[in-house]
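Just below sit the structures, each encoded as structure tokens.
Next come two complexes built around chain A: one with chain B, the other with chain C.
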Partner chain A sequence: MSKALDLITRVRGVRGAMLVSAEDGLVVAEQLMEGIKGSAVAALAASLAGRLRRAMEAAGTGTSVFWHLQAEQGALLVVPSGEASGNLLVVAVAEPDVNIGLVRLELLRAAEAGA
Partner chain B sequence: MSPSTRAVENWTLQPLTDFVREASARLVLVLTSSGQVLAQSGFSRAVDVMSAAALAAAIVASTSELARQLRQPPFGALSHQGPKTGFFLATFMTDRGTLAVLAVYDLDVSSLGIVQLFYEQLAADLKAASPKGVVPKQVLAADFERELTDSLNTLFGR
Partner chain C sequence: MDEIRALSAQLAQDPQSLVFLRLGEALRRKGQLDAALRVATNGLERHPHLADAHDLYARILTDKHDYEKAFDEWDMAVRIAPHHTGALKGLAFLYFKVGDIEQAEAHLAAAKRVEPDDPTIEQAFEMIRGGHRPPSPAPAPTAEPEATVAASTAAVSGGALDETRVFAGLEGANEGLLLIDAAGRVLGGALKDGGGKDVTDAVAAYLAGVSQEAARTAKLLGLGAWNGLSAEGQHGNVHLAHPTPDAMLLVVRERGMPLGRLAILAQRATLMARRWLDQQ
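== the complex of A and B ==
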């Protein structure tokens, strides 16, 4: 678990990686730089993931495999992991100019490995 | 402000209103550890407030006693989650004495993480807003029914 997070945080521009319980928005594991409030990121990620899942089901597009939220001062990148992609979220908090493709690759690897 | 959010003690109203909006909680009670309700949101019947407050105070009392017997500090928070609904009960100290917050939330609009996150803000806001230097009044059995009726009348706008 910690190795998977370690690989994500090694990507340049990533400020932290977390495993989050998708159902209740609690932190399962985290490797975050100082100043990032893990509980807030976890709650936000799980809340968005839940709403996104329902919206995508309603739209008939199936479940999400990766999503990226770009903000002014950073980015949130998320890959659902676990049974039916509903148990855990692998989350990266990154700088706005991070290499999205590289982070996505590491997130998918972590999710495939069951984080 | 949500029309269903009401307070017996006005300093609790704004923090509670903010919490309800941000945490998307369906029902919330702010009460003392003896079960006296200071504010409520979402309840439509006085009897529900009375029973929820009594049950929440009983849980606080029993978990506090359990912690005492285990020689631990009192538990900070308690959470139960069902298939569609969760509830969160936590206590914190203010100048008004120990207060408890009971929040009931629907899992399709909120989560434990969200409720916990905004509960921290609620507790901080209530601590900051609580009247300073006021000794909490003892609730005497003789006054209990009258105070309860007065509180419920205030909470339900009667």
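== the complex of A and C ==
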């Protein structure tokens, strides 16, 4: 589990990675830089994932396999993992200029490996 | 056929030459669109900064009714060569096709400034004013007159702006683009799911919550204001943006469209939505 997170945080620009329980927004595992509040990231990512899932299902696109929130000073990247693609979330917090494609790959790898 | 054979031989002898432009156009005029497309894409790979190559590709795409990609290609041609009349006329054609008369006329006017004696431009102006569909843009001056594009989409009248014209110029304006206000009320566009069912209202209702949550997440994590949310789904991809603080835009496309391209499309739709909102 920690190895998977380690691979994600090795990507340049990634400030932290964590595994979050999608249902209750609690931290399962984390590897974060100083100053990042893991519990807040977990709760907010899970809440946003839930709302996004409902909107995407209504739009007919099916559940999300990857999403990322772009903001002025950073990005939140998430891959749902687990049996129903929703038990766990593999989450990364990154700088705004991070290589999104690379982080996405590492997140998907971590999710495939069952993190 | 002789012409095509001769041009093919020339291109085979010198793959770097610009003869692919004539060959692609000749194939297009013969209706051999797949072959024309291959020639154009190969040419574009070798000459990615050649406006004429993007113009050729756009004309072939238009013949194949792939108007969204054609728009992108003509847009690219104009970025490379702002006075490219073929591309300006092409964009005018596509704008007219979706009912954005103002933009169609603006692009024709730009083309006329470059080539004031081109009779096809005045002809297109007259057709627009008369409410007729203008002919699809003429190819490079060296080429022969082209076949007309099949009229597959009804043109919208040039009256006052309404919600059906928010995304004029973008393919899928009425099935894959949605503009809503902060309370989840639909301002423009529409959404259909894979089965063709209208899901506009349901998605709009959920989106208001997504937007609030995205703003809260970005703020509480110290990431500043959020400016976009991209997501890959099992059957489709989506991009969410907010053209103004009180409005939100959703773009939905099939799974095959990469997120990066979707973001570019969303950017364009955002500009259109912002302009439309300003005019309200």
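Heads up, the rule we're going with is that the second predicted complex is superposed on the first by the 115 of 115 C-alpha atoms of A that agree within 3 Å, B and C clash if a C-alpha of one lies under 4 Å from a C-alpha of the other, contacts with A are read in each partner's own complex, and residues count from 1 in each chain.
One rule holds for everything that comes next: a residue touches a chain if its C-beta (ideal position, glycine included) is under 8 Å from a C-beta of that chain, and two chains touch if they have at least 3 such contacts.
Remember, it's a predicted structure, so these values are computed and weren't measured experimentally.
Applying the stated clash criterion after superposition on chain A shows that chain B and chain C can sit side by side.
Contact with both chain B and chain C is seen for A:Ser47 once the two complexes are overlaid on the shared chain. Judged by the touch definition given at the top, the superposed model places A:Asp24 against chain B, while chain C stays out of reach.
In the superposition on chain A, A:Leu102 makes contact with neither chain B nor chain C.
Once the two structures are overlaid, the count of chain A residues touched is higher for C than for its counterpart among chain B and chain C. Contacts of A:Gly60 after superposition on the shared chain: chain C is touched, whereas chain B is not.
With both structures placed on the common chain, the touch criterion links A:Ser39 to chain B but leaves chain C unconnected. Of the two partner chains placed by superposition, only chain C is touched by A:Gln70; chain B is not.
In the superposition on chain A, A:Val93 contacts chain C only, with no contact to chain B. For the combined arrangement built by superposing the two complexes, chain A sits at the apex of an angle of 120 degrees to chain B and chain C, based on C-alpha centres and given in steps of 10.
The overlay of the two complexes leaves chain B and chain C separated by a minimum Cα distance of 9 Å.
Once the two complexes are overlaid on chain A, the chain A residues touched by chain B in the first and by chain C in the second are 40, 47, 54. Remark: chain A residues 20-21, 23-26, 39-40, 42-43, 46-47, 50, 54 touch chain B in the complex.
Chain A meets chain C in the complex at residues 36-37, 40-41, 44-45, 47-48, 51-52, 54-56, 58-76, 93. Residues 81, 86, 107-108, 110-114, 116-117 of chain B are the ones touching chain A in the complex.
Only residues 191-195, 197, 199, 202-203, 206-207, 209-210, 213-214, 216-218, 220-238, 250, 252, 255 of chain C touch chain A when the two sit together in their complex.
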